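Paired with subunit B in one complex and with subunit C in the other, subunit A is shared by the two complexes that follow.
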Partner chain A sequence: MLTFLRRRIISSALPLLVVILGVFFLARLTGDPANLYLPLSATPEMRAEFAARNGFDQPVLVQFGDYLAQLVHLDFGESLRTAQPAAEAVLRAFPATLQLAGVTMLLAVVGAAVVGSLAAYRPNSAADRGASFLSATAASIPDFWFAIMGVLLFSVTLGWLPTSGTVGAAAWVLPVATLLIRPFGVLVQVVRGAMVSALSAPYVKVARSKGAGEARVVFGHALRNAGAPALTVAGDLAVGMLNGAVVVETIFGWPGIGKLMIDSILQRDFAVLQAAVLITALTIFALNILIDICYALLDARVRQGVMA
Partner chain B sequence: MTVAMEVERLSVDVRTPAGRVRAVRDVSFTVHSGQAMALLGESGCGKSMTAQAIAGLLGPVAEVAGGAVRLDGVDVLGLDPASRRKLAGPGLAIVFQDALTALNPVYPVGTQLAEPFRIHEKLSRRAAREKAVELMDRVGIPEPRSRLNAYPHQFSGGMRQRLLIAMAVALRPAVLLADEPTTALDVTVQAQIMELLAELRTEQRMALVLITHDLAVAAEQADHVAVMYAGAVVETGPVAEVFRAPRHPYTRGLLDSVPAAGDRGTRLRSIDGAPPELADLPSGCAFRARCPLATERCATERPPLAETGPGRASACHYWKELADG
Partner chain C sequence: MFPLRQATPSRVPRAAVLLATGAVALTGACSVGGGSASDAGDTVRIVLPEEPPTLEPCDASLTATGRVTRSNITEPLTEREPATGEVQPKLATEWKQTSPTSWTFTLRDGVKFHDGSAFTAEDAAFSIDRTVSSDIGCNVDGYVFGDSELTTKVVDDTTLEVTSAEPDPILPLRLSFVEIVPAETDAEGKVREPVGTGPYRIEQWNQGVSLTLARYDGYWGTAPAYASARYVWRGEGSIRAAMVNSGEADIAVGLAPADGAGDAAVEYPNNETSYLRIDATKAPLDDIRVRRAINYALDKEGLVASVFAGLGEPAGQVVPDGVTGHNPDIEPWPYDMAKAKSLIKEAKADGVPVDRPITIIGRNGIYPKAAEAMEVAQNSLLEAGLRVEIKMLDVNAWLEYLLRPFPADIGPTLLQAQHGNQAGDAAFTMGQIYGSEGAQSSYGTPELDTLIEQAEQASGPERQEKFARALAHQNDEVVRDAVLAHMTGIIALSPNVEYEPNSATNDEMRLAEMRPVN
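Take a look at the complex of A and B:
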């Protein structure tokens, strides 16, 4: 297990460097911060002074070198806007995103396991067709459209739910629903497919021949075998969810990392943007390792390296 | 001799896009406690479908269309699912052909072996595991206790088949259906598995229904044989008698296609033609297109499985001609 982790961390290092490089240079293409932070009437001297204070007068490669040197000391730089450490701003926003994504993912996985299994139990039954139709619809609805229609119907017309904020259960409904709908639709289809093949496997017949009840057959014997493909897709969706958070957080004013990223791009706050992207990337790498560990827990053949 | 199971006029239909097809037609046979009965036939003749219908394990596209399966005088086909589950294990058990796919790959074998005891006898986890150790020991798995937590892929093919058999005989079933239990194994292991089945049969006074396409296995293991062709039984009787003097041309054809030691250098014999499509059975006798004895009568009149002597039956109009030579 330890060598496995070490191998994973080493193999993650290069992609991480590419992320750092990409964000650093792309951020600098968004424009000169001096245009935002100085008045329109600023003299060239004021501009030069601003650039010198923030290190923007150096050649870009030197700036990058300095940035890397700071990173090694876990120093992510300071926010242009608030002059606070960038890492602090990111870590303050991060829990909100993790909570939102965590709750959504939990609902998606549990919901899809139940709905997908029931649909697969009798292929082509009315329940199966209903589930297939609904999940295909859910997987194809654009999230920004769903969010706006949700706000229009439940917040503006009916007045049941707030349009934004994080206080109280009601505030969670629309953001979670928006983030949930696509992963749920996709996962139902994956679980259904995997369960149809698991339920037709000989070991399911053997379980029935031992007198196992249907719940034991479906959720005990078949579902765990259907777990691996579902896990692969769920991992992908979880990564996508961190990206989807950008849309949802912007629409619903959710104070998470997605909103922070958009804000820091608009404000040319390079240090915060770099820190936000880097920490998101680190989370995704950690998530992938977590998924690999889940595989191993699910199936002994993975644990023992029987399957590549 | 006690009757363990009576199968009477069992029919199975399969739903296909083109409509319902009768895959098993009026199959009847009786097995006695402690005896073995071979259900013999080539691939697609309906022998596995018959076994799965008896065990209540038909897939979603197949269903029992008629008949009865009596265990201890009770027709299990008429039971509700809960009562039927109670019989699955202690009444009727089944061993499948491919033990690798028949064992659940994600659970340790100990858990799977303990399952019948957990379900039927409501034993504690620990007590059920003890029973699992005893079972593994009984079917000849070395060092059973240390292998409880091993997974199916860590066993050889022969050992996996032993595990599957152990699971099936855990609750001492009255009838054991073995669906080609040795087809996936090499010959020496095949012999060991057959020996194990024979021992368990004697020991537990279990009735064995051995589904096979292998004439030698049937001859060695079974007391009685039922030969199936195109979904129906065409000949039944004691194995020795049927193999010595077959009373159906299909049985004769099968026996003739077994090469003997003295046949070196001669062409292998086979039955000309191929079995008919079940969806498109010819009128009269299903075998007539391949039969050397077929006449016009065979095209119009389906020969019923009729008694030809004590304990023997054949579904051929001309079985006497065949017997005479």
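Take a look at the complex of A and C:
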């Protein structure tokens, strides 16, 4: 297992370096932040002073060197906008996104496993068609439309839920529902497809013939084997969510990483953007290892390959 | 086969349990702070488009900061009344000009900061120095003072002398932007949560979630109606409007007609004027007939009626009524397509390359329906006989075109712009927008420069008259712009709150002007 981890860490170092380089240099190609932070009438002296104060008067390579040197000391620099440490802003935003993504993925995976299995149990039955229709619809509804309609119906018209915010359990319903629909729809279809072939496999017949109950056959035997493709897709979807559920965070005022990244791009708040991307990249890297481990737990062949 | 069956059942559930525990732990940790639901009635709940980056008073000319800080947490020596444009006493009770370059201010006695310390001339001098002369890069310094330097002298506890390097007839107005902080405030760096003398003090700032201000019991003036104010922020306009309609908020600011505020919507002239800046240094825009043709070709009334949903008023100048220098005689250019066509034809006959492509540099979201407005303009200009393309940009990319030095690799441009003069004097408009060297100016003339300079030196009625003359000269002889409309802002207001937005509401929202409806 340790060898496996070591190998993964080494193979992820290069992409991480590319991310660090890419974000740093691409961000600086998007224009001088002085225009955004100084009044329109600012004098050239004020612009020079601003550049000097924030190190933008140095050649880009020197700036990059300084950035790397700071990074070694886990110093991510200071936000141009708030003058606070960039890491602070990222670490404040990250839990909000993690919570939202965690709850959503848990519901999506469990829900899709149950619905997808039931749909696959009797292909072309009413339940199957119903599930297929619902999941196809869910996978294709635009999230911003769903969010705004949800707010208009459940908050403004019916008054059952708050429009937005993070305070109280009720505030979770609309953001989670909005974030859930697409992964849920996609996962139901993946689970169903994998389950249809798994349920017709010989080992299922063997299980039935030795008298295993239907629930055990479906969820114990077939679903485990059908789990691998679903896990791959779920992993991708989870990574997407960590990158920031931008639409949901913006609409519902959720102070998460997606909103922070978009804002820092629009505000040319380089330090925050760099910290947000780097910390997200590290998390996604960790998540990928976690998915690999889950994979290994599900499939002995992978496990043996991994342990070797 | 066998080992697999043995091994995995025990492991998968473990993984599942781990996952589930993790998720539960996450949800458990979800009481993401945030004050309890406020008891309406006593608290006014305001939803903003964005969280204030800081509440630093010397950055109060930044909308997101000033909207919360100005006149609520901190106060200036003087205050401009948005309705009349008059400069009123605040922490200074009176002032007089003692020489062309110096002014003496008498300060209010018995004022206390939120930390209990007394306000004296020392604090006022410190605040002016910190804003204007320090190295911390105050936004107010760039916005209001530019190159000009001020020196302060404390005469006694309630008397302050302020001297400018050059004669400054509107110094008291400029000082209305300097918010007063105690002399103990950090002079080397900015502060996030300032101490002031205002009617409200900062109670709790739960970053990312909400900001609560509480009524300051030691306030020198009349106590405001609400015991506290709670700000939250939502980036999406329709959600801000929905919050007022669902009773979650009392006031939502920065709305567009399409946000659906319904009956809660309150419209007000927001002091902004939209215009197209003509890059008159490049052919064919260097020909005044073409610039006049552009003005005739744009149907301002149609634009306001169809694109701006009837909000706004066709305009002929960027200085609106209520700002010193506004010229009441300048009318919006009439819509006259025939005249536009004949001017273009005439220019073409004289060899002006009217078929050279012109680029409209637009900015997404500069005002509601910004892109649609530019499409309408493009259509009219095409009809008049010009070749026009549109390039819509985000703020920072657009700023590259707004501010000097302009990008070199572009042909003739029309820049979508909007100007708001929150200071109330045309000095904050003319030089930077129409001066030959102005930061936002694409073209000027020596005659116009002279008129602007003369106006800037004048005071009283003469000042008004000279700025008005400069504006008329711009409109008749220079024609650097195609002014579109004085814009209208929208807020959503709960029926439980009494508040009247005014031209300063965007930049300064005085909580003391809000009261519950009985």
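Criterion: the second predicted complex is superposed on the first by the 301 of 308 C-alpha atoms of A that agree within 3 Å, B and C clash if a C-alpha of one lies under 4 Å from a C-alpha of the other, contacts with A are read in each partner's own complex, and residues count from 1 in each chain.
Keep this in mind: a contact is a pair of C-beta atoms (placed from the backbone, for glycine too) under 8 Å apart; a residue touches a chain by one contact, two chains touch by 3 or more.
Only a predicted model underlies this, so the values are computations on that prediction, with no experimental measurement involved.
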So, A:Pro123: does it touch subunit B (first), subunit C (second), both, or neither? first
Which superposed partner A:Ser209 touches (first subunit B, second subunit C, both, neither): first
Could you look at A:Pro255 and tell me whether it touches subunit B, subunit C, both or neither (first, second, both, neither)? second
So, A:Leu298: does it touch subunit B (first), subunit C (second), both, or neither? both
Touched subunit A residues, subunit B compared with subunit C: C
On the A-aligned overlay, A:Pro59 touches which partner chain: subunit B = first, subunit C = second, or both, or neither? neither
Is A:Arg224 in contact with subunit B, with subunit C, with both, or with neither (first, second, both, neither)? both
Common ground on subunit A, meaning residues reached by subunit C in one complex and by subunit B in the other: 224, 298, 300
Residues of subunit C defined as touching subunit A within the complex: 3-4, 7-9, 11-12, 15, 19-20, 22-23, 26-27, 29-30, 32, 34-37, 53-54, 61, 135, 137, 139, 141-143, 146-147, 189-190, 192, 207-209, 232-236, 238-239, 242-243, 245-248, 394-397, 399-400, 402-403, 428, 432, 439-440
State the interface residues of subunit A toward subunit C in the complex, per the touch definition above. 30-33, 35-43, 45-46, 49-50, 53, 81-84, 92-93, 95-96, 98-99, 102-103, 106, 148, 151-152, 155-156, 159, 162-168, 172, 220, 224, 250-253, 255, 259, 266, 268, 293-294, 297-298, 300
Can you name the residues of subunit A that touch subunit B in the complex? 122-123, 200-203, 205-213, 216, 221, 224-225, 227, 298-301, 304, 306
Which residues, counting only subunit B, touch subunit A once they are in their complex? 52, 55-57, 59-60, 85-89, 93-94, 96, 98, 101-108, 115-116, 119-120, 151, 153-154, 164, 167-168, 170
